[in-house]
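Below are the structure tokens for one structure; questions will follow.
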Amino acid sequence: MMEKKIHEECGVFGVFSPRSCDVASLVYYGLFALQHRGQESAGIVVNEDGVFSWHKDVGLVNAVFDQQKLESLGMGSMAIGHVRYGTTGAGGRANAQPIVINHLKGGLAVAHNGNLTNSYDLRFALEEQGSIFHSTSDTEVIAYVITKERLKTGSIEDAVSAAMNSIQGAYSLVIMSPSKIIAARDPHGFRPLCYGMTEDGTYVVASESCALDAVGAVKVREIEPGEILVFTKDGIVSRTEHCKKVRKSFCVFEYLYFSRPDSEIDGCSVHDARRRAGSFLAESFPIDADIVMGVPDSGLDAALGYSQRSGIPYGIGLIKSKYVGRTFISPTQKTRESLVRLKLNVIPSVVKGKKVILVDDSIVRGTTIGRIVRILRDGGAKEVHVLSSAPAFKNPCYYGVDIDSREKLIACKYSVDEIARIIGADSLGFLPVEQAKRLSGTDGADFCLACFDGAYPTEIPKNLGKSCFERKISENPKFQKKDE
Amino acid sequence: MMEKKIHEECGVFGVFSPRSCDVASLVYYGLFALQHRGQESAGIVVNEDGVFSWHKDVGLVNAVFDQQKLESLGMGSMAIGHVRYGTTGAGGRANAQPIVINHLKGGLAVAHNGNLTNSYDLRFALEEQGSIFHSTSDTEVIAYVITKERLKTGSIEDAVSAAMNSIQGAYSLVIMSPSKIIAARDPHGFRPLCYGMTEDGTYVVASESCALDAVGAVKVREIEPGEILVFTKDGIVSRTEHCKKVRKSFCVFEYLYFSRPDSEIDGCSVHDARRRAGSFLAESFPIDADIVMGVPDSGLDAALGYSQRSGIPYGIGLIKSKYVGRTFISPTQKTRESLVRLKLNVIPSVVKGKKVILVDDSIVRGTTIGRIVRILRDGGAKEVHVLSSAPAFKNPCYYGVDIDSREKLIACKYSVDEIARIIGADSLGFLPVEQAKRLSGTDGADFCLACFDGAYPTEIPKNLGKSCFERKISENPKFQKKDE
Amino acid sequence: MMEKKIHEECGVFGVFSPRSCDVASLVYYGLFALQHRGQESAGIVVNEDGVFSWHKDVGLVNAVFDQQKLESLGMGSMAIGHVRYGTTGAGGRANAQPIVINHLKGGLAVAHNGNLTNSYDLRFALEEQGSIFHSTSDTEVIAYVITKERLKTGSIEDAVSAAMNSIQGAYSLVIMSPSKIIAARDPHGFRPLCYGMTEDGTYVVASESCALDAVGAVKVREIEPGEILVFTKDGIVSRTEHCKKVRKSFCVFEYLYFSRPDSEIDGCSVHDARRRAGSFLAESFPIDADIVMGVPDSGLDAALGYSQRSGIPYGIGLIKSKYVGRTFISPTQKTRESLVRLKLNVIPSVVKGKKVILVDDSIVRGTTIGRIVRILRDGGAKEVHVLSSAPAFKNPCYYGVDIDSREKLIACKYSVDEIARIIGADSLGFLPVEQAKRLSGTDGADFCLACFDGAYPTEIPKNLGKSCFERKISENPKFQKKDE
Amino acid sequence: MMEKKIHEECGVFGVFSPRSCDVASLVYYGLFALQHRGQESAGIVVNEDGVFSWHKDVGLVNAVFDQQKLESLGMGSMAIGHVRYGTTGAGGRANAQPIVINHLKGGLAVAHNGNLTNSYDLRFALEEQGSIFHSTSDTEVIAYVITKERLKTGSIEDAVSAAMNSIQGAYSLVIMSPSKIIAARDPHGFRPLCYGMTEDGTYVVASESCALDAVGAVKVREIEPGEILVFTKDGIVSRTEHCKKVRKSFCVFEYLYFSRPDSEIDGCSVHDARRRAGSFLAESFPIDADIVMGVPDSGLDAALGYSQRSGIPYGIGLIKSKYVGRTFISPTQKTRESLVRLKLNVIPSVVKGKKVILVDDSIVRGTTIGRIVRILRDGGAKEVHVLSSAPAFKNPCYYGVDIDSREKLIACKYSVDEIARIIGADSLGFLPVEQAKRLSGTDGADFCLACFDGAYPTEIPKNLGKSCFERKISENPKFQKKDE
């Protein structure tokens, strides 16, 4: 798709090396490979013999870090990093991660992907004890809870273990203490987290396996839901005893949209899952067409899957500009219409006089797909049939995905036929939820599909009505205001 | 491909509007769509009632221009722009285009795509008359020649016409005088140049039709080889009488590599030409394979063509990072090898145990394709057969393409079988030159294929031996040095 | 002198307007006038109806804020700001002020000038309760103590009042809650703090009166030592009852060096105090000389005072470059010697053959004054007599002045005669401490002169030996490191 | 004064070293010392064995050059540099100097301070021969004329010598060829130019001697009016034979305003000349006053001179902010009045109840001095008598000084008494022209005083009426426009 329609918060990355070396660069490359998970801010913390050096700022990885900035972080044997999606504005830099704090027992750096469902309650309880908060992010709450537990326990991993009894919701964490790297994943395993090893014995933790590939590490395995993995100079220790067993609920949208096609999760590559989605679409929506095309880039895999299953030829008919990025000057409303083809252009010779099947990764508001349908018709397409490789969005997500508010979700307001008419398509189909469950090639009982079917795997936040799509109070820009 | 292996100099763009308006933004968007033709520098010159305002600098279009810079150019009824590939360093900014000069009869702005074959001789002759040069670019020579002719003729278009008797080689020009926009193309038509019109009557000249699409203009036609097209407030005038008739020699590599797939040249889309190249490869190199894949992005079309012709399934097995750009911090030599997969990664599930056909747009030094073959084998490919959709490079180009020096061109040193061994491929094939001639769907007699077959359509520069690949003297960084 | 030899931490500024307006710009201009108090970082927090917006970063005020940044802070009825001197590096941005936090009862922004003497103990006690710290600055400790007290009291001003029973040392604070601005000064009144009012009824709090002048405010009075002044929409309330009465101990170095000559403190202008210092020097050190000159800029006033008292002509013989700033590329050691005169140059015609009295504001290491003496001799001066308008530094400061470590203080190691020899002067004199007590025109019993005479007005930090000049542990860059 | 009211174009600097070394840094420091002569753009060209590397851009020296930029210029044995005052906008960068060009015989770099009076005619003649111009600066004309002469002569110095027969007006030039540095000054010697030598045998040419001091060079002497000085590896050669003898006409305003007080010109320091101006004022305008003060910084020397001559005490009563610079955000008109004291503040205790004499370097429009008079009265001054150490401006300058247009010159419109009333002064006096002639301590017959008395030492430009203050046609932004 042209613009990210749906946002997730964050990619995390960590390195534990047997020797002091340029760990900052390893994290830099790792974050680079995870850039698709968050374009708002980036940060790296290096640990050299217990002393932390860090830099973080709003911007893409290669904008936040230049050679000089990387070098200023120095050598070290450990480092963690983070890329973040988030709101812009005054709070942007304050919420950049990893957060770095000091507590009684030493320094602590935390990088977090996910969203707590009880952060408001935890924060309120901490504030009642006199705690102060510098940001509005869940991650500071996590740091606090760990710090409180640390006073009562004998090690940082004990503190993390104890903290996991308090914090609820989605979290894939990479934590750095003066002498350890700790990876931890919530019991439902909403967000991905895996680790690997390079040839020279450096351990690498990452949100996705593509980041392991990027630094030449070989994947060992996923961090299991509820698992705590501790990397020290004495080796790796896995802790799982603390963890209540619950049903795994991996976010299906990681397969459909967030993760990179070359990442592999739980034994299934994201590319294969997407192709399977296309294959399911071909079974559910057999269409008499001449060609099947994907909306670049994330619709291509599913389009190929549809083509392979149906036998309808796969085509390349839409070209996306490689250079459209954040700093691009937006056209004014007046010129916007004529400039649609600046970002995405059609190859008329491919679609002219053809019945076209167009596969996109999802449909949120419907405006973008509507424009693309028009571009295809301008290019001479005789028919345009639109298929979404994700089911229709109908519910909010409490686990770290920033879906539009309900009044903007087209599927909350219109029937499928109405939507087809609105976007100008000859027909429209969404991937059935039942098929989404089988995306990874197994029966799929371990997916969270709440945004599609409303079946939330956890208690949902009291303070937030189930049907409301507003952002959590803790992220409210007016948070500072209170009576005195 | 991952990095541009072969460089061409420049994209040009011009606008003639019936009224004063935000022509700077139109050029900005047009250059944006031509960014693939040159990433070194960008520039825009706006003409408001005969007064020129301009800005140019090294960098990508969206780095050189921000909102403030665009606004500082003001309104106007005409504007031209340029994106350039070129060497970095001290000369970078000095050589940025369009160049803007004053002569006796007024101001002149020139944007040029191509390369003169007699620029050294012309420059020497001008210097003998006391001329001074601020840059080392051909374009300044062109401006001088036009200026000299302008003194003897009655109009700027007469001067351009007369200048075309002196300048030789490849040139697609967009020229702006106080009251006119002039588009001109060399008699061989080496480089593309076309024009179109928007709904509100604004004329647009561009190197490629994708830039017309980007600003909502409808293509009218190519500027013909040797043609001069003059845009004034009284309309368009075409001049062709001045021009010696020579055989058209359109650069075939524009179809194979330089131009965007969604551009259409002489009635044939670049995408179709590339697919046809793949189809020809399938005919010339039938291979027993399970899957055919392209090296993203420019190998994808030909791979699809091969698949369609051969029936071997098309696959998506290589993922290119969207975020790798100019400002990326290069890994040190030490870490380079382990970081190959940062820019391009394999999807193992796609290639594992498979006999793979890999189509790339061209093979220059062979290092990049060698790395990709290794990535595929790491991913489990059983066989890797490499096909190049361009013939083998064996000769220098004098018409604006910056091909590597001969000692670095792998096809100048080794046989096809040796190259296959060097890059680790099970087999290797280059598109036969005879087939390259038929790429646009016609008999192709009007292509320049000199870099492949050595049949130069023009006299080649005296000062440069035919077999030498060194850059012209006029671009030599030591050019300032002379005895006194 | 040319470079700041002695550093103080910070200038503070606050605005309370009866209506929402562009308070950010007022703070910007106020901080600009206080820039001499801190060049390391700058920050502004705007309060619009209880919602805080802020920006802070390392750099000078006009580097940190451009028009866009100022506008992004929006309108408001209250704002506070801060300029800071501090160490560069990783901690630089984290320690920028004002700090902005949330606690149970609302938001809080704190700007602090001074230095606590018990911050280490307070921090340790807070950490024992599970508090986390994001920075190493005293100011975060202050915010914590206020927050803790806020839970037990009925208003933010009660909390500040209670906090003043815990925090010890030097502090001039400007605090902003959702509905109030609070100014507070430690009982000894080490650092200055005053307030004024503009014609339109806006209250302004500032470290120095020159910042009131800068925004067109008329000074009302100093905030008294130990006083809390609360600005609300209902007016101003002064609280002093909470405060143990102690002897006022205003830092004499504020008159001699830190404050701007045009600031007025306790009824005496800084310029007059400096001229008086020169007058005292004339009484203590009558010298047979032809001319008396000051080292620009801060030695000029005292030189004029010496001239006026002694009758020896005042001369302008040293010129300081206006353009030497932070971003200047430092010469290498090799070229340093030859480049002394880049920053400060002599006018030979003024000093040639003359007996010169040279007045500097202070002498710390002696290297700079030694270079200037040499410059004067190079210019032809027959004799050079050096006078310091400050007494000799012999003791550390615990109240916010960053004096060099004792082993670098020339007066700790050598006698006055030895120093004269070292710096190449014909004679040398320091302002006697007894005279420093009378600088403001009164008997001066209320000055802190500890850095000169060692008579500390407070208990000094346990954790820091009296004779040690090392920075506080809490500012140690290795602070993160602890055993686990 | 607070803002530069009158602008001159440029400072020049050149280095010739016997060996390859870091000449770029020497020029950097030299330009830094000349920064007061031009703040618009800066540039450095380094010559390493005949190969030129350069960088130039708009901005202050330390903004245009950082460590990386300086290093990119490499080592060399020669270098020249330039700081420029000029108009902002599109032409800003194009007009930055030194200009670097190539001609038949080699490279040429030219740095120029001054203004030609026949540049329009020369340019027209060159254009008639087909020359093209990239900028609107005189310097390009000079480069052309030298180039034309170079074709007819045997050496670059012969060419410069011949060129001096064509170019008329004010020029102090530093020229670099592949193997030589050439300094040249127009026969009237309007602008200063001197040279010196460092201990290691490096020759340095500079606009002012303060720049020699800055790099540790000892001044040898002025370049004489009409002299050409050639620096080669074989030594220095002076050429004067070519030069028609004319009356020397050194710009008196160099003493009064442009040059730094620590520069020495023709044996008289600028500081002494300014003090002498003050002394003359005391003779011409004896006033009954309590104190005499200068407007910082350039009025201080004359104020001291007045005090020394009259016996009225010298005072420091105005403080100028050190941090006000180019990037400062200008207050809106609404807030401007209240923010006058941001840049310049009064010390009330110094002026309260006093009769004050205020000396400024010149009075152009009268607005600034009017504001300062008001500030003094706000501070309690009983009387304010204003003296200008320059005579009243009544005529345009054709030799490189950018004086305001006549309709804005207060002395063209009002009598002295009227001006006193307008600026709110109790009395006003301008330095009499006759006294200005004696500023350097001699009879002063060799000054140009045309801006005061209208006695132009050269023919004035035909194309520009004597009474018109408009900028030359060649600098007209509409220069590009011509009929075709």
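Brief remarks follow.
Each chain gets a letter, A, B, C and D, in the order it is written, and its residues are counted from 1.
Just so it is clear, a contact is a pair of C-beta atoms (placed from the backbone, for glycine too) under 8 Å apart; a residue touches a chain by one contact, two chains touch by 3 or more.
All of these numbers come straight from a predicted model, not from anything done at the bench.
The minimum number of touch steps linking subunit A to subunit D comes to 2. The distance from the centre of subunit B to the centre of subunit C, each centre being the mean of the chain's C-alpha atoms, comes to 60 Å. Distance from the subunit B centre to the subunit D centre is 47 Å, each centre being the mean of its Cα atoms.
Centre-to-centre, using mean CA coordinates, subunit A is 37 Å away from subunit B.
Taken together, the touching pairs link the chains into one ring where each has two partners. On subunit B, the positions that touch subunit A within their shared complex are 25, 28-29, 32-33, 35-36, 60-63, 65-67, 70, 198, 210, 213-216, 260-262, 264, 268-269, 271-272, 297, 300-301, 304, 308, 313-316, 319, 321-325, 327-329, 331, 335, 337-339, 341-342, 345-350.
Residues of subunit C that touch subunit A in their complex: 49-55, 72-73, 89-90, 94, 99-108, 124, 127-134, 136, 143-144, 147-148, 151, 155-156, 177-180, 477-484.
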